[in-house]
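For reference, chains read A, B, C, D and E in written order, and residue numbers begin at 1 within each chain.
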Amino acid sequence: MTAFRQLRLDGVTRRFGDRAALSGLSLTIDRGEFIALLGPSGCGKSTALNCLAGLLPLSAGGIWQDDQRLDTLPPERRGFGMVFQSYALFPHLSVRRNVAFGLQMRRLPRADVRRRTDEAIRLVRLEEHATKLPAQLSGGQQQRVAIARAVVLEPSLVLMDEPLSNLDAKLRLEMRTEIRRLHQSLGLTTVYVTHDQEEALSMADRLVVLREGRVQQVGTPEELHTRPANRHVADFMGYRNLLPLRVTGTHGGLVAVEGPGLTLRGTPAVPLSAGDRVVAAIRPEDLRPGDDGVPVTVEVVEYQGREVAVEARTDQGVPVHVRAVDRPAPGDKITVRADPARVLVFPEEAS
Amino acid sequence: MTPDRPAWRHRLAERGIDRQLLLLLPALLAVLLLFIYPFGYGLGLSFQPDHGGVLGAYRDFFTDAYQRDTIGTTLRLSLPAALLNVMASVPIAYRMRGRFRGKRTLTIVLVVPITLGTVLTAEGLLNFLGPTGWFNRTLMAAGLTDTPLRLTNNYWGVFLSLVITGFPFAFLLILSYLSGIDPTLERAAATLGAGWWPRFHRITLPLLAPGLATTFCLTFVLAFSVFPSAVLVGDPAGATRVISIAAYHAAYETYDYPLASAIAVVMGAVELAVVAAVLGLRSLFYTGSTGGKG
Amino acid sequence: KPQRNTGGTVPDKPSTAVTINILDVAGDLQLTQGMIDEFVSHHHDQIAKVTYAKATAPELVGKIKAQQNAGRVDIDLVLTGVDGLAAGIDQGLWTRLLPAYANRLSGMNDYLPGAAAMQELAGDYGVTVTYYPSGPLIEYLPTNVPNPPKTPADLLTYARANPGAVQYARPSNSGPGRTFLMGLPYLLGDSDPKDPINGWAKTWDYLSELNKYVTLYPSGTTETMKNLANGSAKIIASTTGWDINPRVLGTVPKEAAIGTLQGFHWVTDAHYAVIPKGVDVDEQAAIRNLLADMLTPAQQAKAYDKGYFYPGPAIKDVPLSMAPQESRQALGEFGRPEYDQLIADNPTEVPLDAKALVAAFDRWDREIGGAKVTK
Amino acid sequence: MTAISVARPRTRRRLAASPGAWLVWGAVTFFFVMLAGVIGSVVVSSFGSHWFDTWLPQGWTTQWYRQAWQEFTLFDVLVVTVEVSLLVVGISVLVGVPASYVLARRSFPGRRLLYLLFLLPILMPPITYGIPLATVLYKYGFAGNMSGVVMANLVPSVPFVILTMTPFIEQVDPAIERAARMCGARTWQVFLRILAPLLIPGILAASILVLVRTVGMFELTFLTAGPDSQTLVVALYYTMSAAGIRAQQSIDAMAVVYTSMMLILLVVALRFVNPTQLVARVKEEPE
Amino acid sequence: MTAFRQLRLDGVTRRFGDRAALSGLSLTIDRGEFIALLGPSGCGKSTALNCLAGLLPLSAGGIWQDDQRLDTLPPERRGFGMVFQSYALFPHLSVRRNVAFGLQMRRLPRADVRRRTDEAIRLVRLEEHATKLPAQLSGGQQQRVAIARAVVLEPSLVLMDEPLSNLDAKLRLEMRTEIRRLHQSLGLTTVYVTHDQEEALSMADRLVVLREGRVQQVGTPEELHTRPANRHVADFMGYRNLLPLRVTGTHGGLVAVEGPGLTLRGTPAVPLSAGDRVVAAIRPEDLRPGDDGVPVTVEVVEYQGREVAVEARTDQGVPVHVRAVDRPAPGDKITVRADPARVLVFPEEAS
């Protein structure tokens, strides 16, 4: 279909039985934007994508493309492209014909179909496998076919459901770059579902964080990364240390928080006052071994390339996750500290 | 952009009503135009006998043991035959899933009897299994029996002809239903320690159940309406006096169309009862994608 | 076709040459197709084309009914046996052919006595075209049965001594079977040979006694013939046609012999031509002329065929010598000179009417054929 | 236990398989022997001149075929039969598959009722509706020619296709269809390009069965056929059950003609598609 | 089956048509080991796993469990557990019954089955979804059912094919820990396929790197990370900068290498001499902006949380990947340098 200026989701809701898999998703997507849907497994990401694609009827709400109501159109009339989480390749068609399918549906001239198909196959590095059937491909190869099949159409909106989950790191990085490149050079609008924050952060213009079917936060990568709106988003964005504490005082922009065997200073997400029950969120990489700080005992050490991930416990038994460059041994006692600017403090009840 | 209509449409769509239902239309029209009216006429006819009031024809049928017993006779023939056809097809089709040389030929040969038609089957059975047919000659030459076995003009003749014509039918259907089941599932079961039998009856069989039910129903219906072979290789006055013979007698010998219609309706009702029982069982099983084509 | 005119006067000749669709439900074309083809070849001005279709008698009624209900009859002439004829009369399907224009069918005056009796059954609705006296006869291989039974009692004795050796096909599926059934009351001296329900006491007793020694009732005459040939049956019921024709065809050994039971009456059989209601008068005219031609001796001689309906002609004075060469040769080799004598010496009877016959079949099925179930 | 990497004897697993396998193949062999006997005895008989109490006929002849060929103008009849059956198969697949798609994929109010409605024509013997159906068709000028025969045969065929295809379509992963729609395929394109190839084994099975039933359907064909739209089964039915004298061999010959025609149709059909494992096959263990 | 001491793969080869998806894999796995198979998409990882499980017959080679030849046994007699890449859940069974299936096959008492099933479902956090059918689950939920189904059996060997690919980072980390914990507490032996080096590095005792069906290197996570055996392994292990250069001289343990506009010092993987054509492998995170070094022009900047990934180009147009803490803008000129100990130099022809 023709390009649009804006896509507007208005209270999009989808129920299965009496459970809402997605409730009240409202979002305006500008043309050319790259939106990532992010959230834990089962939070409704695929459901949102399916509603947008027209594959699931809405239980409530509406979708508008500029002034046109979209949610009543069948999927094939919306002109979107989609990469399915389960690939959904046509099992009876070769890789080439899978990719060419959409172009043939648009009745493009034979030569065009051929050229664009070849190009898309080259893009996903499957030249060698072009004549194979899907069942003869490895998982990652199938996933790449699914990507090629969707982007070859250069649709006005591309929906991708975890398109890189089965690729190795190197290829994933390359494919990320390709997808971004395509997005930019073809002027696509992309809605991208991923469970991988890093991927989302590096690719998207804006992120939508879902949890149990509800939007938790919408923002740029940087906003989400540095200023998660609540403890769930923080948790999800890699703040693995979530320490239940109590505010003891405020100092300028910072608050002092305390708990069993722990004293920290941090940045409050909302105004807080002494005595409030709070959760302090700290990323493992922000919790570094240092001289003055909280004493902990190392329990598990995981090698992770240049650094190691350390699971430790305070003397009171609170587990903390720490990153270290040198390698402590289990049983070692170390002290850890965190920059107050990187300690986020949320009220406990927020959800 | 009227807000009402689309919402209404969504609500219908959520309940499964949308334009795709139009795909039913041609079939529905065909059945309505070509079947419902004539059938209604026939049904009406069954309530207009020459004597005995509205239910006279039915009363005639049910009060006459000779007529009534045909239901039992037919069921005794058709249920075992349909069951055997389905049950024999399953292991064979199951075995034929692997790849091996000559598989295609074997399939074709197994399906060939479908082309025989009732007449050739009947003639063949009479010739082959008859008192001086090759079968009995072989048995007698081998000294296995002194007097020829009676396999025709009785229950067994009809039963065998139902098997010969019904088996390939069931086999073909079941083979294709089986091909729709993702073999990976059985492999997954194997890694969970399931031997061939649990793999088969815990995984394959439940996934095959809808296909089995349909196949059983269709073979049963075909066997239930057996007519020519019941006459040709059976004992049409006695052991194989099936219900369609009674209907035929009424329609084409005494030209009592109301009675014939009534018998046919009874026939349909009995079939319907069996089919409903089977489909009822079927609905207990899973009916959805079996992953094979995905 | 132009506007149909199905009532009114039937002209002497059709105004233009017509196409005639003939449906044969009795196997009659075997005997008469030659006659029809010859007429057509000589009367192109009346009949442009004939199409032949064949079917079995029971379905005939349904088909004609459906056409008549819809007002589009496209079967112009039906060749049928007694069963189809009677069913059609009963259901009111046939055009009344007589007595109007009876003068056009002068051949009907020359019917053999038996054929004339058969014509009575047709009332005014059909025209007898072929006729034969049928049976009942018994057939056997002289090598297997050196002393064939001569009376019904003999037959019973023989059956008792040789269980399974006597065979007749289920009467409702077999000409010889039903001829045997209808012939028994005459042989046994039953009170009313025309009333199977109340008048056949001896016959039913006899049949149930015989039933004890009959192991199977095949579903067609062909099979009894096969069993006779392969030796699994020793004595079977037969008729003149079924005696000669299968031997000509080679399904039964040439040396098979026939016998009669003392005091039997021939139970005759015939084929009729009928015209369904709703046929255009032009076509009716052509058919009447065709039928008139078929009832001439020269044409009737073709009915000798290869003994299929022996003898076959319905009218008098049609000797075998008039028959085509082929017929004469076949009958010369397989015919039996004793038939002339048997036909002359034994009385002929018309068969049961359709209702009584169906009742007899029904009773046979229930009491004789069906009795096997409980054993 | 040296590292000899001799190719593993491939048949081992299959041969060592359970006695069940032997039982199955034994039963199949027995079935074939019986089948060969049944078919063989008819074929031999149809070419035999005299066959009494012996293993084989006394002489051989083709006269029975010649007779049948002339008596029934079999060539025309065969042509009509093929035309009618192909039309019936084609139309019933075209009409039946979309309907079974809806029945398989959607749940909507009245679905069960509809299923029952489609079941009825298969359950009800043609006696109940054959004559009124023929009347209707005659009334509107369809019967008496090929269109009537085709329409009458559609009555049991369309439901038949629907019943066989419904479980089949249930097996196909709906995600594949969705993917096709996302590629811009309209419903008919989804049918033609995606579903049809995946359903080929099922469609083939259903078509073959419809074909067999159509060629063998006497009642409805006879009631609606005109003089030049008779099919083979009418001729066959006639030889089998008409009054009068027929040689056993001529019945056998007609049966052989009938079977040969069906066989040719079947083999032609199977040349185009394999009934088994069209799609799932690639996932099978390759040799 | 009973526990074993050793599992030995001896030249395991699998061909599809005339292409070998796996050739000559030889490996000895000790009881209790955690082995990760690692490699790019389509390299034969799943094939190796399927061969081990008995789902694919071998084209050559053998598998021994202690003294017993295993490769002739059918899968169900081997007693291994497997998580399939495509999940292969039984579509007609609920989550609970999927998980219980294997236990029921072993004819365990009803109560045991129930208890262990519940436990496994709790382990993968699907308590709420236990009665759903697989088609009613999200992708990640399905994957977790597959994991539960395999581990509930506590088999002597567990084979896992990318079991975490569809889970979000948080859950993935948790599941990783769970899997390791199970591995240790039940004394399992695990063969784990993943495309994610980090996962492999953090979980496995030993890693096997495959490429086009051939083993490239077998070693501990540390060996692989710091001493990749060849440029392909290096490439795969995150050495994204692979610079084709030429040796100009050797200095003690180091070599000096030079190329268009580039001069570096690095550690040779094999003895090298001046003039050799080589490839220098450097991780982006080892190539840091610094004062003296190679001048490059920034082209693309990707936000990745705490750091940014920078794609830059030397003056001669060689692309390099750099990590930076502060955020340069596209077009900026910066200089980058690397610690010679972290620059690995491989001969060019090695493969």
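The criterion applied here is as follows: a residue touches a chain if its C-beta (ideal position, glycine included) is under 8 Å from a C-beta of that chain, and two chains touch if they have at least 3 such contacts.
Chain labels with UniProt names: A, E = ABC transporter ATP-binding protein; B = ABC transporter permease; D = Spermidine/putrescine ABC transporter permease.
Remember, it's a predicted structure, so these values are computed and weren't measured experimentally.
A.B. asks: Name, by label, each chain that touches both members of the pair chain D and chain E.
C.D. replies: A, B
A.B. asks: Moving only to chains each one touches, count the minimum steps from chain B until you reach chain D.
C.D. replies: 1
A.B. asks: Taking the mean of the CA coordinates per chain, how far is chain A from chain E in Å?
C.D. replies: Chain A and chain E have C-alpha centres separated by 22 Å.
A.B. asks: Need the CA-centroid distance for the pair chain B / chain E, whole Å please.
C.D. replies: The computed centroid separation for chain B versus chain E comes out at 54 Å.
A.B. asks: Could you please state the distance in Å, as a whole number, between where the Cα atoms of chain C are centred and where those of chain E are centred?
C.D. replies: 90
A.B. asks: What's the distance between the Cα centroids of chain C and chain D, rounded to whole Å?
C.D. replies: 37
A.B. asks: Would you pick out the residues of chain B that each touch at least 2 other chains?
C.D. replies: 132, 182, 184, 232, 248, 251, 288-291, 293-294
A.B. asks: Specify, in ascending order, the residues of chain D that touch 2 or more different other chains.
C.D. replies: Residues 53, 130-132, 135-136, 173, 175-176, 198, 237, 241, 248, 251, 278-279, 283, 285-286 of chain D touch two or more partner chains.
A.B. asks: If a residue has to touch 2 or more other chains to count, which residues of chain A qualify?
C.D. replies: If we look for residues of chain A contacting two or more partner chains, we find 86, 88, 91, 136.
A.B. asks: Can you check the complex and tell me which residues of chain B touch chain C?
C.D. replies: Residues 66, 126, 130-132, 148, 150, 153-154, 231-239, 241, 248-249, 251-255.
A.B. asks: If you look only at chain E, which of its residues touch chain A in the complex?
C.D. replies: Answer in residue numbers: 16, 38-42, 45-46, 85-86, 129, 136-141, 143-144, 161-162, 165-173, 195-198, 201-203, 221-222, 225, 235-236, 238, 240, 283, 285, 300, 302-306, 309.
A.B. asks: State the interface residues of chain C toward chain B in the complex, per the touch definition above.
C.D. replies: 58-59, 61-62, 87, 90-91, 170, 172-173, 215-220, 223, 226-227, 230-232, 358, 361-362, 364-366, 368-373
A.B. asks: For a test of understanding, state which residues of chain C touch chain D in their complex under the given definition.
C.D. replies: 21, 25-28, 30, 51-57, 59, 62-63, 65-67, 69-72, 74, 81, 173, 175, 220-223, 225-226, 229-231, 241-242, 245-246, 249-251, 253, 308
A.B. asks: Please output the residues of chain D touching chain B within their complex, sorted ascending.
C.D. replies: Touching chain B: residues 14, 18, 20-21, 24-25, 27-28, 31-32, 34-35, 37-42, 45, 53, 55, 94-96, 98-99, 101-103, 106-109, 111, 114, 117-125, 127-133, 135-136, 151-152, 154-155, 158-160, 162-164, 166-168, 170-176, 187, 198, 201-202, 204-205, 208-209, 212, 215-216, 233, 236-237, 240-241, 248, 251-252, 254-256, 258-259, 262-263, 265-267, 270, 274-281, 283-287 of chain D.
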